[in-house]
Amino acid sequence: MAPEPAPEWRTSAWLNTPEPLSLGGFRGRVVLLHAFQMLCPGCVAHGIPQAQRVAKLFEGAPLAVVGLHTVFEHHAAMGAESLRAFLYEYRVPFPVGIDAPGPAGDPIPRTMRAYAMQGTPTTILIDAQGRLRRQVFGVHDDLLLGAEIGSLLAEMEQQRLDATDAAGHCTDGRCEVGAGAATRDRLS
Amino acid sequence: MAPEPAPEWRTSAWLNTPEPLSLGGFRGRVVLLHAFQMLCPGCVAHGIPQAQRVAKLFEGAPLAVVGLHTVFEHHAAMGAESLRAFLYEYRVPFPVGIDAPGPAGDPIPRTMRAYAMQGTPTTILIDAQGRLRRQVFGVHDDLLLGAEIGSLLAEMEQQRLDATDAAGHCTDGRCEVGAGAATRDRLS
Amino acid sequence: MAPEPAPEWRTSAWLNTPEPLSLGGFRGRVVLLHAFQMLCPGCVAHGIPQAQRVAKLFEGAPLAVVGLHTVFEHHAAMGAESLRAFLYEYRVPFPVGIDAPGPAGDPIPRTMRAYAMQGTPTTILIDAQGRLRRQVFGVHDDLLLGAEIGSLLAEMEQQRLDATDAAGHCTDGRCEVGAGAATRDRLS
Amino acid sequence: MAPEPAPEWRTSAWLNTPEPLSLGGFRGRVVLLHAFQMLCPGCVAHGIPQAQRVAKLFEGAPLAVVGLHTVFEHHAAMGAESLRAFLYEYRVPFPVGIDAPGPAGDPIPRTMRAYAMQGTPTTILIDAQGRLRRQVFGVHDDLLLGAEIGSLLAEMEQQRLDATDAAGHCTDGRCEVGAGAATRDRLS
């Protein structure tokens, strides 16, 4: 089944960034969107540290890590001021959007609803073309998450090379196979 | 720098497999070669469990996990019989080759020498064309290892599609870009 | 140096208990007082889980585990409502007092000040006579904490036996040595 | 039930000590006897590291940590030479006795049999009078083990004080209560 465009993010505020972010601004980069609640034990023990490790390990790669605070319970206990203190104390370095409250009577915020998330933590991967490629509820394995990231980065690199090939090497009705191979290798 | 062919494995015996294995037999699959010593604490605590997790998580994918017992110290304490008991007690499911002893006077076994390993554990990735793509001495991070595996698997899939494209779609001096895209997606 | 009486607790509210608690009410039991802040990473990752394990492992022993929320930073982010949600989400079963705010201009709450705590987490042991016996700032080792608890419990048991001996057996100017020995053994 | 004398140790050799040890030589000290097999995963991952931590944390206290290699399976794989390499590689600092083989036809070694151990790891506590006070098969909790050690150390200290009291203070038909209290306090 072909991947679908990821739903736009609907937020009421952003922390750790000078200006609001939108999904469109990340075209050309793989995005790890980490949806969490600051009082969700699994998020604090596993999800947030994992997102922090990804942010650090893939620094320099065309990958962005973005947090999304999707509060669907204890709303009064997890307001913006509490979140700000949380991000400071836990040294969360990446931008975090506050998911916009749902319509009256709906405790589920709007982005969480649009992605049909089951709860927190939820780990979401969006490819360089803005398509939703992976959504995992609960603790996600480092090896698997790494493989998914590596695959999307490799795919993106391949598309870049194909584009280059198309422009530069598939001329005169000929495609020079492997034209981009020399620069293609991320591993060795 | 273009990747080089991985050195052939030189072993004196194999465990967990009915017949001896050689690198050539793994063409078409990515290989994770885990070099260890059964009395190396870092191997037992980190390397072996990581290789076991990879074997389990990527079951079904074109990836093979192979162990290599590269004893370069305490040779008498880590003979074949001890290794056999170790593999049994630690429930190591994948094939393990015993690295062939070096020439007289050299405590370093032959495959370890050929790969210029610095010690154990060493994690080695070989691509589907038999080329050495990654070699890490010491504890290797799950996220990074996952990304390297994901990248090699994606690259392999891409080459398979390119080959298909080449055979089927680059006809009449034209290459139909994206011909294999529909089946290309491993993630969603 | 002889141990001193532990300072009284000064709190503004209590959670997880139908009525306010005071140190005096714990005479005859060893008390583990765990001082924490709900947004302190070391408390959440180590201190709170350790206190929870102590509460569970020593259930039935004359030992009480009591929490103390000693907020000295981000006061607005860690109010009573946030704490209540935190205790619920983290399944904290023991009573937690909210340390009373200090006088105007002092961010350090009153009990924290009285015990001269350096920060959070702080683990405090108070003996069955209400005396302060141990105060550790930072992550405290399970083995050492266990030994301290075991020692205080054994001491308390000994005093109980001595008291029994004194009342029942040290009569007529004679002390029957070992009178309580048969019931003295907690281990086997 | 009153504690019984711990069975004597029957060993074929000792490592990490210049001369053979016997239980009798530890009178006046609490003994943690850690029975293990070098190829037992639970021993390597939990039991040995725990015994190492105890040895380090209670350095200076009247507590001895002693290992016992109770091989009851894969005998050929865990001979003295393999054990020696294991102790070296895992930096085991305490003395380790090799449990004496059982009579012909019995795979269970003699000390293991005498203590009726169920397997490895087994953690055994022997008090300062040589009595068996605790025997736990499998992973033992740090907090509980700590409490048991603390209790035995406190009991031993108490007995020392009682002995002092008896000799020095219970004279003329009078026992001065608390005579040893000032020096009694291990915690503060």
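So that you can tell them apart, the chains are marked A, B, C and D in the order they are listed, and the count of residues begins at 1 in each.
What we mean here is this: a contact is a pair of C-beta atoms (placed from the backbone, for glycine too) under 8 Å apart; a residue touches a chain by one contact, two chains touch by 3 or more.
Predicted, not measured: the structure shown is a model, and the values here were computed from it.
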(message) Which chain has its C-alpha centroid farthest away from the centroid of chain D?
(response) A
(request) Using mean C-alpha positions as chain centres, tell me how far chain C is from chain D in Å, no decimals. (result) 30
(request) Provide the C-alpha centroid distance between chain A and chain D, rounded to the nearest whole angstrom. (result) 53
(message) For chain C, give me the residues that contact two or more of the other chains.
(response) none
(message) So with touch defined the way it is at the top, what topology do the chains form here? Options are line, ring, star, complete, other.
(response) ring
(request) Using the contact rule from the top, write out all pairs of chains that touch. (result) A-B, A-C, B-D, C-D
(request) Enumerate the contact residues on chain B facing chain A in the complex. (result) 1-3, 50, 53-54, 57-58, 125, 131-134, 141-155, 158, 162, 166, 170, 173-175, 177, 182, 184-188
(message) Using the touch definition from the top, list the residues of chain D that touch chain B in their complex.
(response) 39-41, 44-45, 74, 76-78, 81-82, 84-86, 88-90
